[in-house]
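Order as written gives the chain letters A, B, C, D and E; numbering starts at 1 within each chain.
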């Protein structure tokens, strides 16, 4: 009975967050004003963060909120403001066939994806991290990250450095 | 085998390359030195190649002076050189003609002499290499290497008008054919690998493999295409007139003299022995194409207003004879066709030399611009006459021996072919003499021609050996036949043997695969 | 007495698929480079969702970690990308992708 | 919790590269006002040489570390050697070029090293995350390098296009990885393969879909049709030295990851992917060659030709036998030499202000700059597959592999393509040798480094054409562990 | 002696080389000495050989001398070798002899020509080739001579190459000859191959003839016909005679040597040489005879209306050759050869005479511009007169005997036929007519020479007249080697030739000729000759009468009543123009062969080569260029189109996989 209730709530949250995220993301790609798009993207990210929590990975959810919804989108918004971009003009909406067909293709492609994910349930090897381990997923995550994934962790640091100096060298003014 | 411990074939193959390298270090302004050094190297090359002729043992049909090292061992690609009676004479022809070519470029080539000589020596390496290579890949390499310098010769030193078109046409035609040959080589290699488990591109090894006829059809046609384009056989001949017309004299000479022979040589060394059954089955096709070539070439040649074009089309006709004789598959036919290769090299080569000499003086090749030259240039006229006669196969010149044997061979294999081919003899006389008359006879109509100087010493020196050869080969052919007899007999014996031999499928799967 | 089933992974995956597709469509249709980039971020985000889902239902940690790295990469890309856009804007006064085709054919 | 074994010797080449990358950055920071910065280049060269030498000490032994995320087997080592050579040449040709174009920042060199690092990781990664991160490290550095010429509109545009499409492709790649993970529950290539065989997942739609996504992701990096369209634009816009780097390095890295993933993780799916790859290969060759014919800009022409070359390499990929794989390695090596060589000539023929990248600019240089033209001819002919040059041998191995696997039509199409390709390669030689220049190109300054690079490239091309045996056996040894 | 037989051709060859290489360096005298000397020596040698030969008994009158192997290829083996037997030595004598005199004559005739050395070079080369032809011991070497003389005639006809007409004539001669050689060479092939199938691979005369019996008759017929085509070309028989009249463009001595005395008779010689084969092929024999007689009468008719004296002689040559073919055609090989010999004398003489006339009239050839020369150039006149009598067949002169024998054989021999005889006889009459026409027009009547030539008409120098006289003598007495038995003669020539021409070997069985010749060889016994002695006499008389009639008519037309021919011409205008234009044969050939071939050539070149083949090639190239031009436009430069293509690709691939996953 109890987990019935739990499941029910989970369903409700899931449906709510899910639909909201879809809605928001649709708005992201339809709003004329980039700022609005950015803000709706924040919304999408938040919804997804909620889903992460539903999936018992609180840490990622937090990161999602902090890094994505926080840092990245803020950066984007910042840039948009910096360049004070006007809204896309009307002619932006004029039907360009490649775009229409493209979207259509994308939808067909979606069918493919859906088929592939629905046809069989994930058949992957089941690991050791069952639910009660996941209760403390952040700790587990930390362990895994700094033991097994140590090497990628180092690599990604270099990657970030590269990105940063790149960003700098590109955007710094001429000497 | 080597001579005096020198790997003679490698030597004559790469010696010209050495020459090219040496030329690199000569100041390009110093034209005289460039010419002399180039001439020197080609001469020494020729001298180096002479021992082959005398040390060659005419008693055996085996490859001689063989050098065999691995090149890419894991693939079975080997660096294998060797010559038999068939390639021997062609090698000599090559080294011989190159000397003359450099001589005849003496005053004809006035700009970018350095690059010219370099590419010429480079070309020689390619040609000799292709003739002595006994490994399919090695052969293919040299075969392609020949293209580039020739391409440059046509394109850079050619006649300004359409040289670029001609050069590219030449390159692409040959390329298009040869790439398919490469595929065929690979397919055959793997079939052999499957059948014998031996990874090798050595033709002598591959000769032994009998493969199903359907496979042979495919592979043979791939080879045949490559070679037919080079020969060139009707209807793949259209690059030839352009290339000949636009190329500088020496280019035309070497093109007619040696490069075209690569096609026929390819047939006799590779296409036929590797795929005898297919060759045998397709004999009618090839022969008919050759016949068309003979008559077609003659007819078209008759109407050409441009001397070089005329000679070019006559080459189409002559090489038709070569192919016809080869595919008669009897002693006379094959020997005749080999002999005709040499003849064509000499006669047509000298024709181009002669046209070149007049072109140097008048800067035109249009027959209409000439007439009555005999009056002003008697010596020239004499040479021209002799060469013309040898080209129309007058008895006691070299042309006759070859043509006669080819016709005889063709006649024996199929009387109709013989008869049709013989009509080419009439036409040949027709167009050559008509051309000769229009150029040399009659009154001097064009005042420009009155002041023409007769041949100078260098030009006479260039032509005399040709004329001597023309008569030597016409009057005492035994000297040359004796070298090739045994090889040709072996060629025919193996061929006949393979025809009789029932070809059973090494593995039906291969067959199925190749079919698809 | 009916029981409410717990949420199966498929629905998450379907959701992520939908989000991904929306991202693709956005990338295909929007003119503003930054918005295009945002759409791409949506795609990455969708992928992350799948990763998390999988790792949840396969009870393995790899997916989560991978998602983490994806975020890092996304951040890096954002930095570089935005720098490029700024530069583009400086040189062209626009970042509309359909006004930028100096290089073509 | 236990730490994994950390074998720094294993990743020493990468460490060296990284260290020198940072070293360059630091030195640049501390001597900002230095006029000429080619010493930075020299430092990079030292680093590359060191790492190169260390790589050679690792030859012959197959070691794996970091929970099997990083493996240094023959395959990886071959590619590391290749990448290091490419980086070496790139930096050589850059030294003169960046100075000329006024983009001589320490970051430039550092980023080249970082992207090289990324490539090395891609080839050495046996775990999808390593491969992914390597790919990103490489890509992001390249995005930046492509946009290095900041006041050149075209350069920026190139960067933008490459970035957007790259990110787009990354999205697909990631989805592929995700599905793969979902279907097998692992990201380690070996385990994936084992799991698939053990559970017999060959018909699993999720895996199928992930195949699609992975094909897109890698197909983008190797510039295969229809994921090739960024190539011409980016190659044309990017700084020429970087174009050379991309055309050789990125392509090679893409192939290394492609082969690694498909051959060691998903070998079971060969029947499924073969026909698709067949199609892609044919399309890639044909489109590349045909469109190249009508190009006026040599960088663009070379871009299309590099697409075509991807097609040829894919022929061997389709063949899928070890002959083919070693053929691919050989091909990439040869291609690196001849392509960088060609771009070197392009660089040398330009000067500040006028790039001279129009093919028509090449008119008549054949006898004005004979050696330059001669080397260009060598490279072009090599790309056209004319013996006795590296390109020919490469094509030869690739095609022979396909013949061995009985893909006759594929091979025939391939050789016909290379016959077509001859046409546009010849066009350049035609201009160089047969046409007189209507516009004098004067005052070219040949930086010694570039000339050195040119010589190295020529030697490499000729060597691989005339004595291919050594490199080939090296390649064959390298793929030993792979399949 | 026989071992030195190779000297016979060697001398001219040497002369050729010397004059050819150095002729332009040294003086005319030396040139002429070298040339004539070479010929003289060679003539001498042949006489010696001849004497040596007749010293032997008839059965052993055969000798072969192989110089060296020539073409050796597998089963095919030929040598450079000479063979001496009555036939070849006779020919050798005629050739060397006549050409010796003509050489001498030429010294005078060509004296002022700039091409003097070249002329003698060619002439020597010709003799060399001709000797190869007649002395060869195998078909191939014979063919060498065969084509060689063709070459020389080409060179000599075109000697004055600055005249287009001359150059054309030369070319025409060579090409038409090539047509004949085409037949000849095929004949050789067929012979070689068909004998080879019987296991005998050879082209050697003796071996071939010994094994001829192995061949079945159809093959032989085919072979002989093919060979005969060759003969037609060389000896200017229908339909290949057209080149000979034009050949008169050459210097007159050349016409006399090549186109009267020696080369043109090669065909006859060849058939005589192959008598064994021909005897086995009655059909081809018939063809030969018919063609011969047809040519004889046909060209004789053309001879009527020619005004160019050399043309007249040319046509008469053709028709005389017709006689010879008639002779060999009916199996009277020896008769043919006999006529060949006499004809060599008198026709050579006629040409030289004509040459002398031209010399006198500074190159005038048109008989309408001559007349009444008999007093001005007496020697020329008398010699010419004798020759004319000889050719007209006046009894007592050489022409009479030889021609008459042919006529008789045409009637009497088993292969003969009354019609053959009749036509031949009429032709003889016509010959008499037009020859005398020529004689009268040239030497009689009133002078029509245009004045400014007239005043310096002069007799030719000794060096020219002496050969005339010698040949005149020969044309008188030359016939007496073959006086038929009915006239109580011995007919030595038949005896002499019998071993060759009679030696049909196995062919005996069904060839009348051998019986006949044996009969003669054995001095006239046997019914072959005896039963029809009276008849033969009768025929003789008839033919003489016909000849006389011809002469009479000529006299009537051109001495008595010179206006008459005009009127006749008016009367039968159509016929006259037809004949005058040589039945338009040249024109017809021009249209039929030359133009059509040229048209074809142009058509193939422009139409097929340039349009079809190159069209295709360039078309493909153009097409690829077009496609390329279109495809590069796909590269719009807009990022989103690129992304679009990626998605498209993704969909395609995914679609493929899903379809595969579902259906497999």
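Just so we're on the same page, a contact is a pair of C-beta atoms (placed from the backbone, for glycine too) under 8 Å apart; a residue touches a chain by one contact, two chains touch by 3 or more.
Note that the structure is a prediction, hence the values are computed from the model and not measured.
Undergrad: Give the chains in contact with both chain D and chain E, ordered by label.
TA: Looking at chain E and chain D together, the chains touching each of them are A, B, C.
Undergrad: Farthest chain from chain C, comparing Cα centres?
TA: Looking at centroid distances, E is the chain farthest away.
Undergrad: Kindly work out which chain lies most centrally, taking the average of its C-alpha atoms as its position.
TA: B
Undergrad: Farthest chain from chain B, comparing Cα centres?
TA: It is A whose centre lies farthest from that of chain B.
Undergrad: Please compute the C-alpha centroid of chain C, do the same for chain E, then give the distance between them in whole Å.
TA: 99
Undergrad: Could you grab the centroid distance between chain A and chain B? Build each centroid from C-alpha atoms only and quote it in angstrom.
TA: 71
Undergrad: What is the distance in Å between the mean C-alpha positions of chain A and chain C?
TA: 6
Undergrad: Distance-wise, how many Å sit between the C-alpha centres of chain B and chain C, to the nearest whole number?
TA: Each chain reduced to its C-alpha mean, chain B and chain C end up 66 Å apart.
Undergrad: Of all residues in chain A, which are in touch with two or more distinct other chains?
TA: In chain A, residues 99, 102, 106, 109, 112-113, 115-117, 122, 124-127, 148-149, 152, 156, 159, 162-163, 166-168, 170 touch at least two other chains, as defined above.
Undergrad: On chain D, where are the residues touching two or more other chains?
TA: Each of 129, 133, 136, 140, 143-144, 147, 150-151, 159-161, 164, 168, 175, 179, 181-182, 185-186, 205, 208-209, 212, 232-233, 423 in chain D touches at least two other chains.
Undergrad: Would you please name all pairs of chains that touch?
TA: So the chains that touch one another pair up as A-C, A-D, A-E, B-D, B-E, C-D, C-E, D-E.
Undergrad: Show which residues of chain E lie in contact with chain A when the two form their complex.
TA: Those residues of chain E that touch chain A are 640-641, 643-644, 647-648, 650-651, 654-655, 658.
Undergrad: Where on chain E does chain B make contact in their complex?
TA: Chain E residues touching chain B: 24, 68-76, 80, 140, 143-144, 146-148, 151, 154, 158, 161-162, 164, 166-168, 170-171, 174-175, 178-179, 181-182, 185-186, 189-190, 192-193, 196, 597-598, 600-602, 604-605, 608-609, 613-614, 617.
Undergrad: Residues of chain C touching chain A in their complex?
TA: 3-15, 17-26, 28-32, 34-35, 37-39, 41-42, 45, 48-49, 52-62, 64-65, 67-69, 71-80, 82-87, 89, 95-96
Undergrad: Note which residues of chain A are touching chain C in the complex, please.
TA: It comes out as residues 3-5, 7-8, 10-11, 14, 18, 21-22, 25-26, 28-29, 34, 37-38, 41, 44-45, 48, 51-52, 54-57, 59-60, 63-64, 67-68, 71-72, 75-76, 79-80, 82-83, 85, 88, 92, 99, 102-103, 106-107, 109-110, 113-114, 117-118, 121-122, 124-131, 133-134, 137, 140-141, 144-145, 148-149, 152, 156, 159-160, 162-164, 166-168, 170-171.
Undergrad: What does chain C use to touch chain E in their complex?
TA: Contact set of chain C toward chain E: 24, 27-29, 36, 97-98, 100-105.
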